[in-house]
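First the structure, in the form of structure tokens, and then the observations on it.
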Amino acid sequence: MDMSQPEDSAELRALYQAFRQNHLNPLWTQIGDLMPVHPKPKAVAHVWKWADLYPLAQQSGELVPVGRGGERRAIGLANPGLGGEAYISPTLWCAIQYLGAKETAPEHRHAQNAFRFVVEGEGVWTVVNGDPVRMSRGDFLLTPGWNFHGHHNETDQPMAWIDGLDIPFSYQNDVGFFEYGSDRVTDYATPEFSRGERLWCHPGLRPLSGLENSVSSPIGAYRWDYTDRALTEQLLLEEEGQPATYAQGHAAIRYVNPTTGGDVMPTIRAEFHRLRAGVETATRREVGSTVFQVFEGHGAVVMNGERKTLEKGDIFVIPSWVPWALEAETQFDLFRFSDAPIMERLNFARTLIEDTAA
Amino acid sequence: MDMSQPEDSAELRALYQAFRQNHLNPLWTQIGDLMPVHPKPKAVAHVWKWADLYPLAQQSGELVPVGRGGERRAIGLANPGLGGEAYISPTLWCAIQYLGAKETAPEHRHAQNAFRFVVEGEGVWTVVNGDPVRMSRGDFLLTPGWNFHGHHNETDQPMAWIDGLDIPFSYQNDVGFFEYGSDRVTDYATPEFSRGERLWCHPGLRPLSGLENSVSSPIGAYRWDYTDRALTEQLLLEEEGQPATYAQGHAAIRYVNPTTGGDVMPTIRAEFHRLRAGVETATRREVGSTVFQVFEGHGAVVMNGERKTLEKGDIFVIPSWVPWALEAETQFDLFRFSDAPIMERLNFARTLIEDTAA
Amino acid sequence: MDMSQPEDSAELRALYQAFRQNHLNPLWTQIGDLMPVHPKPKAVAHVWKWADLYPLAQQSGELVPVGRGGERRAIGLANPGLGGEAYISPTLWCAIQYLGAKETAPEHRHAQNAFRFVVEGEGVWTVVNGDPVRMSRGDFLLTPGWNFHGHHNETDQPMAWIDGLDIPFSYQNDVGFFEYGSDRVTDYATPEFSRGERLWCHPGLRPLSGLENSVSSPIGAYRWDYTDRALTEQLLLEEEGQPATYAQGHAAIRYVNPTTGGDVMPTIRAEFHRLRAGVETATRREVGSTVFQVFEGHGAVVMNGERKTLEKGDIFVIPSWVPWALEAETQFDLFRFSDAPIMERLNFARTLIEDTAA
Amino acid sequence: MDMSQPEDSAELRALYQAFRQNHLNPLWTQIGDLMPVHPKPKAVAHVWKWADLYPLAQQSGELVPVGRGGERRAIGLANPGLGGEAYISPTLWCAIQYLGAKETAPEHRHAQNAFRFVVEGEGVWTVVNGDPVRMSRGDFLLTPGWNFHGHHNETDQPMAWIDGLDIPFSYQNDVGFFEYGSDRVTDYATPEFSRGERLWCHPGLRPLSGLENSVSSPIGAYRWDYTDRALTEQLLLEEEGQPATYAQGHAAIRYVNPTTGGDVMPTIRAEFHRLRAGVETATRREVGSTVFQVFEGHGAVVMNGERKTLEKGDIFVIPSWVPWALEAETQFDLFRFSDAPIMERLNFARTLIEDTAA
């Protein structure tokens, strides 16, 4: 028996009634739920199979137009614990977006921060504040808050990719602004490299025209070629006995804003991980939510003790404080994004690495 | 008609059904709600009258025990727009807490950041990580995340005050941790000044034993005496023709962490405002939510064009982007807290000062 | 024999001659001096006795006018190792300044950062950017770079104090700018507290009119009353068994910029230390130079193993990496300033605490 | 006549004599020199011709051994205004270093920060904390403070390059430490890319094994290939009408620490500038001293109104506040280094851009 709860009585009921009438709600009846001993997310660990997602995106391509109003043919992954909302976690949005041959998604801008990651395909350019950015397999592409952006497909083939945004966080906390731009994209050029890349993608070199730090990264596209090379070098260095990898057999990079060395956007962290075949990571718990997409290889994720096998394109979410580990059957490449900058900037970040011995 | 929405058809319904089965939810049917042109909070502007709150707190004192389990006799202000949850806004919690004669609220700690503000009364000490802190009228008192704290009333009189926390934000984003401490407070001493104050409350002087910056302020109590003096000086300087006030006739201070000059806690900003009689502030809109409590004087707040008169103890909330202004009938003293550090650290802050001419 | 030095020869002499003609100078002949194994300052540890300084300042008051051109009746302490230059160390200037009854030192400003510390006397106001600042015993007063300032003595008595500046550093590195202001001070008012103090000297409270961080502290005067109270509280807390002092029996505060919690000016750190009677500090070596002035009490400093007794007003300098310790015969109060911000900001700071056992 | 200077008298002479005896020196006799209206450096603007430097370095190669004791066959450029000291400015050291066929310069480390820039040649590896770093034309190579380093020449040809350090600043301010390492280099491997490059030279990608910011850049070599490409892209973007260059026809990059986006070392800034043929820069004055070396092309520098023609390899120094401008006859490539981080971190930086019309 909880000694601190009041005994039921007519007076108590009258009091509770008066609370309701006056828009009040006592702490003592709900503290256990509101303030748990550790995070107990409503969101659940879940895997979406690319083999399911892609055909549904294709069908949308046939049935759903893309244009002003709907804005994007994007299908949000709805965490089964969150009541049907298109939230992959309380903070993050993840969608598969599909653009048919020769289609254009019109320009708009919003306070929400967005990125795209391309697990397969090519042929679309996203135009960010007038700078056309090619989208190709393995590329990580940024649309930080309040930058105009639209997409167009120059080919005869459709293309799909994933979008990541902070829509749930923005919606929940009432921070969103939105504005329409051009109904077309403002520049249909299809250069191999965007202007942002040409100015900023020279390692350790900063243009003198860009000495002011920017809130988000000025790099519009982080190319697969660089990511792959960075991971390859880490594993080679490890073989040479040098400190380079994140953990034994586990190479990883974080995408960063070159003006600060910090995260690419104020609310979203993005990384790429590569595990050697046979590697099993330690089991971790972290405050905040994380999403992975398998880029290449076979393996599994263990979340809350439950093992799920994974293949190329599969997407999974790890809610706050859920224990998780990865297992690589083959060399295993995964893209990752999370709300870690929110947790770190507000000092809520915590990590627990659990003993891996059974 | 919105050209971008698909035409209804059997195939479309089948697609939508497949979406639901696969835990998917399309953007195009919900973008207008999810990504509004400016923040459209569900939370509403609302005033709670102290004349209503205090008697209900008193009744709770008679009917509801305080102790382990319920932890606190705190009655949360529930924003009428948020479905009965004890959230004054999507990010903030505000409650009236009531401690009867000789009562003790047991020690615990939590990741959530907390403060107290005392609009009237005295006789309670809050013990924060073993440091007893006197609570008196006008004092602003801190319990930053993960500090053990309990309260005890040394007198024959009850005492009430307001608590402010980031409970809704923490709950929504799954960042909370909670731990019980002593069932009593660990130190029943009743010093006039806490150890934190004795070490840190010397203007411009930093102890050499405290050179590492702390995430939250090491000051446990910001005394009314200092606040009142600071505001008085600003108005005197204004009379002497010197720049000192926030706006004409409007003195204001922010409570800060002396190790950094920044906000007292990572998620909560606190300020005190004093308006000369007759002053009307400009109408502002701000991203993020704000709560005021009237400390002294008479006046009014205009929110969304609606004018509400205010008296000592009255509490009101201004949700994100709601236009608001204050009017002072007499000298008008108000305590304010908000989630501004969240908005600023994540780069969502925006302010719009509207034309004040009718 | 140093194997790396070339053998003397006609060709070598010709080469060295060609070096000189072409404004060249080889490293190999001078590396031992230029790049020693640890700092080997030319500046030496030295004590100036107040009993010598004050009478000479008085005589200057009789023989030397104060006014435009000479600007200040300030007598610089010239480190015996630095060839007669008025440099107490390679970075710092320390002077005794003397202002006779009813005299005015005219206004000027300079890029060099300056402060004053008052070991005895009163009656002078320094006017900093138009803000009159009373000078009294124990006060620490700021004139950060590029602020206009002049001094005037309102009484029938002369007054002396010490000035500290970064003149040697500024001169050596060619960073100085200088500009004349009014030939008089711009405000002869004699308020008890300056406007800067009235706006900023409220612990933990920041005016909303002053939310932008400033390079140097906006506080013009750090009053003795606060300093004394802060030190007293530290020693009382220590007696109560609480962590508060810098070391056992050794209370200390740093004067800080309230907008950042950091040093008062970009090049100069200032602190105040109080030792209980009988306390001997550990022996330390630090990169950078430090100056102390005894404020009250009797004791000694041991520098390079040499012990010098100290009395009120005595000033001593500790050059870089010279081992030093303090000994308190009575309660021993010392004001300290140093170039530590230079060392820390440029990452040259190092400290070595030596074993104190003989 | 300066009214503020005292009249000569026997008493005054006695006073001045007493000053000297007591190690004192008055401000009023020297203020004009010590505190000038703007920086009046003793260092002078000067050009060293590569055609003079290189042959003297060659001769040193014949006459002067390299090894422990002398440490380096480095010939410092001695500013003609600085009395023969091997200081190119009050803060900076610049030397030509020469390493003969098969020679090794032994390992040591020092608190002083160092870099090398290669205007021609190849075949030497510098080994920094055990990491062998190839040195080739156009490369900018780092040896931040307190890293062990040695050099070895693997070829049958000598090689020369320039060294830049903060030796004068370190010497003047007594911050230097020095320690011998191996008499040989610790790793004679000759990889094309150092481990630091392999880990860090992937634009916008940060290894997860390197999330802690470092005081100095972890990149040991900034390769010419990247620098050239970055400058080429800036000029191409300019031709396309895009903002990219520093000024019209003037491309420039700053070498940065990828962990922070800031300068490569705490005391030294390094940049590379490319001017289109025919471009003349605005005339600038800056606080702090700067050194340029011509990498390619023909042109001139105008310093203090005096024009000096420049060719490949020529080195010139611009002391503090000296007005300067560059003129490009051909495409004109220049490496630049300066003490700007010192000036900025200590808030002494100022720039004046003068009207360029005659």
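As written, the chain order gives the labels A, B, C and D, with residue 1 at the start of each chain.
Definition applied: a residue touches a chain if its C-beta (ideal position, glycine included) is under 8 Å from a C-beta of that chain, and two chains touch if they have at least 3 such contacts.
All figures in this text were calculated on a predicted structure; none of them were measured in a lab.
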Intersection of the contact lists for chain B and chain C: none
Relative to chain B, chain with the most remote C-alpha centre: D
Centre-of-Cα separation between chain D and chain B, whole angstrom: 53
Whole-Å gap between the CA centroids of chain A and chain D: 43
Where chain C and chain D are represented by their mean Cα positions, the distance between them in whole Å: 31
Residues of chain B whose C-beta touches two or more other chains: none
Each pair of chains that touches, named by its two labels: A-B, A-D, B-C, C-D
Parts of chain C lying in touch with chain D, wherever the complex brings them together: 2-6, 9, 11-12, 15, 18-20, 22-31, 34-41, 43, 46, 48, 52-53, 56, 59-60, 63-80, 84-86, 90-91, 95, 110-112, 145, 167, 169-179, 215, 266-267, 287-289, 319-321, 339, 341-343, 345-348, 350
Residues of chain C that touch chain B when the two form their complex: 195, 198-209, 211, 213, 217, 219, 222, 226-227, 229-230, 233-234, 236-237, 242-246, 252-261, 264, 271
